[in-house]
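Starting off with a structure, shown below.
Lettered A, B, C and D in written order, each chain numbered from 1.
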Amino acid sequence: MADFSGVFPILATPFRDDESVDEASLRRLVGFMADLGVEGVTVLGVLGEANRMGEREREAIVRAAVDAAGGRVSVIVGVSHPGTRATVELGTMAAELGADALMVAPSAEPVPSEARVAEYFARVCAGVSLPVVLQDHPASTGVHMSVPTIARIVGENPGVDCVKAEAVPSAAKIEALSAALPRRVPMLTGLGALYGQFDLEKGSSGYNTGFAFPEVLQAHLAAWRSGDRALARRIWAHFLPLIVFEQQPGVAVRKEILRRRGLLASGAVRHPGTALGAGSAAQLTEWLEFTMPGVDIRRPIDVAAIVGA
Amino acid sequence: MADFSGVFPILATPFRDDESVDEASLRRLVGFMADLGVEGVTVLGVLGEANRMGEREREAIVRAAVDAAGGRVSVIVGVSHPGTRATVELGTMAAELGADALMVAPSAEPVPSEARVAEYFARVCAGVSLPVVLQDHPASTGVHMSVPTIARIVGENPGVDCVKAEAVPSAAKIEALSAALPRRVPMLTGLGALYGQFDLEKGSSGYNTGFAFPEVLQAHLAAWRSGDRALARRIWAHFLPLIVFEQQPGVAVRKEILRRRGLLASGAVRHPGTALGAGSAAQLTEWLEFTMPGVDIRRPIDVAAIVGA
Amino acid sequence: MADFSGVFPILATPFRDDESVDEASLRRLVGFMADLGVEGVTVLGVLGEANRMGEREREAIVRAAVDAAGGRVSVIVGVSHPGTRATVELGTMAAELGADALMVAPSAEPVPSEARVAEYFARVCAGVSLPVVLQDHPASTGVHMSVPTIARIVGENPGVDCVKAEAVPSAAKIEALSAALPRRVPMLTGLGALYGQFDLEKGSSGYNTGFAFPEVLQAHLAAWRSGDRALARRIWAHFLPLIVFEQQPGVAVRKEILRRRGLLASGAVRHPGTALGAGSAAQLTEWLEFTMPGVDIRRPIDVAAIVGA
Amino acid sequence: MADFSGVFPILATPFRDDESVDEASLRRLVGFMADLGVEGVTVLGVLGEANRMGEREREAIVRAAVDAAGGRVSVIVGVSHPGTRATVELGTMAAELGADALMVAPSAEPVPSEARVAEYFARVCAGVSLPVVLQDHPASTGVHMSVPTIARIVGENPGVDCVKAEAVPSAAKIEALSAALPRRVPMLTGLGALYGQFDLEKGSSGYNTGFAFPEVLQAHLAAWRSGDRALARRIWAHFLPLIVFEQQPGVAVRKEILRRRGLLASGAVRHPGTALGAGSAAQLTEWLEFTMPGVDIRRPIDVAAIVGA
């Protein structure tokens, strides 16, 4: 079984200014993450603007990510699709391209049914060869999965090896799932790390989210695991203004940070997504300086030094 | 300019029992429609389960439909996609495959904006070579377009040659659009013909919907155009129980009728769509018999004879 | 136990042109229904614009309805409220004013939970003295109740004496509930009678809806109960164009019909509800004439004569 | 004209453990806020569980709040209602009871219309005598108001004296509104202060939100107004973990803090709202200690001392 403990950044999909896929930046992004020593990366999630991509582009992205990862980090691929069969096909394609795991969320149907959601996962797990990260993110899917339904899905499908716990209140849901799941599976924190410290305290095994400074999440998790709760809290609290800044809707904020970090050639977002306004860009400059004065973000940042640990 | 007056059935996508695409049935379906003398067919709409299809399947379906149409009827292809660029790419593919027009609906964004919806249509129209049917169907898209916004889109984009008017109350909206549009474009009735007669009275130019007996819609429109309002109403009213029966959610009802008409080899619906229950299938049998006793629905039905005209 | 078989019209709330409550019209409306011989009436439902009323107005309406009913027909009062305690208080007020039953639907919460919906009904039933009609109408509530949840609510709460089955596909859901409910409770058809005949065939015990000609629903139900399926279908099919006309959103259509029937002094709808446009009013005139030529709708209509039975 | 610059806490509605209104706690809460020197308080907002209250309770709450305020702070009353006329009636009641201003948000209608939303505000402003705070909070209302629509409402209605800017991204919307409004009206920050510092930087005039330590918001605003941006940022950043903790859905977190502050006798939330779990309560304890070690929160906290200013 794959081990989904640790830090698994969700990657933005780099575009050129004309919105075409920028593979060179993607490879740079994957390489940067691998150099940081994260456990894996996820492509084609919400932050990856997966819903605005064509299938050939999806294929190219998976191929490039797997190649750039070079076995140093695992590659998780978002394959959620309103059609069950299409989800399986996307999952099969990902497997053939060498991906290590799949991220799967259910889709909203006109007549919602938790039983049918369970069927969806059963069919997907039966149809694919890779481990599955069950994504519980009602804010983007419109699907609310109850604790018993998630427990049932985990119980019935050995392939579900991880829960990405993004249904608020996430800490309370992680706590409830810990008691209800028929077998232990890691639960990872998403939502841009907004509730990261609270989730860890209730049993989260790490991060699977797009915060643009994964080295912060690594340091946070390491401090937590070492038993130094005070340090863990200080780290998370120190970067919380940036975490909150990124909560503003649209993926443009994060892409701009990644651009400033030298990872993306352009911060372009695909239409109809919105670009970052000049006012927000100026705010970002000030907040980066406030949070880590004088730090060169083009290199991995030294979290301990920044928080004064 | 393409002429979007007349009857343009929305086609179901035929599947085998294992949910694979059944091209033979699709060709039979297109041929049947062409033999009826409809003005065009639309593939890959909501009824076509477009949201559950992969892109290679989409391509195969367009190719088969265009080939089977053989120039006898025009082929409209649904290409709506949450990404503007992806919509253009799907539209380009459809054009290359020989399609005659595109059906385009906007997608819901986290922060709705009518201005951005207008941009979406502007970019799509600028990027594709085929005429566009603007689909106004908030029930499936979650996007509400005001009359001024639709008027603006039509005014700014010569490529928008038709409005598929599916925002309730549709008759009142058609009436309002007739007064507001900066140039005359046909408006077509959808929603399974539920408000068909009311729409015609307010200016609809015909049908673009999936009712499983398009010959009824043809007879209805012909009677209306001939000035025989009483006959038009009788025809529509006569078949209204079937139209209402088809309103029940899910595409399974229509696929079952098409199967009984000998057009589909299977009424299979793709998961997570729901199959027709035994109870509903039995009801359908009774209602077909009630509406057209003794009629062989495997051939085009004689509407005049059935309504006693 | 109350018997919820039969026809229970949902009443519009009559307003004067200035939107103030018109009690005289309300009494006339109740009297008209009682004279028709319906089993009961429901006030303060969706058609009654309950969500736009103040509490003192609610009280006045219940008082007037109970008084006008004079024991000849039972009075059901809509008391759904986002707060459980407020629901109980509205129910207590209705009981004190002499109502016979309550109509209760759940409200959407930020984090949906079927368990909490069941709690809602349990607390309401424990807190009120009147029988409860459980309204299952996701289109207005945003709450989807699964068959097992409804079965659980009915099983745990003896006070739930009826299910108003308005979740589409309604006929199939009635069929499923018939098999799943732990005790037999009547299920009534709503949704403006759109699927009335289909519902009856699957076990509906009658009507609880706002179609503006309840005598049609009475004749329909009587024909069905007498075993004359063909007559039942003819009646329903004959009036289906009017039923569909009323499906157009907003309560203005029905209020205009009731005004023409001499029951309401004004068809006024409360803002922000929309008034009937001139175009729709003209269509209504034609369709009433088409459906029942020459008939004086200010008196109870003779359904048998109209359909030629 | 009323001046809506400053800090205007949104008040929770105190309940006893049996969910009945606890007026004594409400008076204590108002008195505490007046002693802090805030500019006003808002009752019957989302945090006040207004949607779960009966009208007699609303009346009692306004009466008690006005009485307890004793002219020391202004009292703003939430009066949003799906019915326009009912909104006016609630506003009239508030005026008669001595309130100083009204908070008004639009309601979602089946067919959304920005034109109708503008009508709603026009009618409300014409019907009430008090200044109106226009609340732009799509997360709770489901209504998205574009910048031009808000500008039109402000331009057409002199009674709209303030915009509560709670549509994300709030800082960018405040910036856009600043440029678009036809006259200057204060814009206040809500959303629990989550984006408070970002909003201030773009033109927010203060706070109108329910964060349980209003003295923090006062200190923050004072530092900002004094021109000490660094101090403002430090204050906001210091308390951000608590602000984020309160973002977890449900009002239970805030009510528990207010209880611990000695202001509420009970942290009870009305059903179907959810109570605070034991796990979350324990986390709260730790986070209060982390944020302000050793501080007695039963008295106004010394923000300068806590942040080391």
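Everything below uses one rule, namely that a residue touches a chain if its C-beta (ideal position, glycine included) is under 8 Å from a C-beta of that chain, and two chains touch if they have at least 3 such contacts.
Treat the numbers as computed from the prediction; the structure is a model and nothing was measured.
Asks: Tell me which of B-C and A-C has more C-beta pairs in contact.
Replies: Between B-C and A-C, the larger count of C-beta pairs in contact belongs to B-C.
Asks: Could you label the subunit C-subunit D interface same or different, taking same to mean over half of its residue numbers are used by both chains?
Replies: same
Asks: Taking the mean of the C-alpha atoms as each chain's centre, how many Å separate subunit A from subunit C?
Replies: The computed centroid separation for subunit A versus subunit C comes out at 48 Å.
Asks: How many Å are there between the centre of subunit C and the centre of subunit D, using C-alpha atoms for each centre?
Replies: Chain centroid spacing, subunit C to subunit D, equals 38 Å.
Asks: Using the average of all C-alpha atoms in each chain as its centre, how far is it in Å between subunit B and subunit C?
Replies: Between these chains, centre-to-centre, one finds 33 Å.
Asks: Could you check subunit A for residues that touch two or more other chains and list them?
Replies: 111, 168, 249-250
Asks: Going by the contact rule at the top, pick out the subunit A residues touching subunit C in the complex.
Replies: 111-115, 144, 146, 167-168
Asks: Under the touch definition given earlier, write down the residues of subunit C that touch subunit D in their complex.
Replies: It is residues 19, 49, 51-56, 81-86, 89-90, 107, 109-111, 116-117, 119-120, 123, 249-250, 270-274 of subunit C that touch subunit D.
Asks: Which residues of subunit B touch subunit C in their complex?
Replies: It is residues 168-169, 171-172, 175, 194-195, 197-198, 201-202, 230, 233, 236-237, 240-241, 244-245, 247-250, 277, 279-280, 283, 286, 290 of subunit B that touch subunit C.
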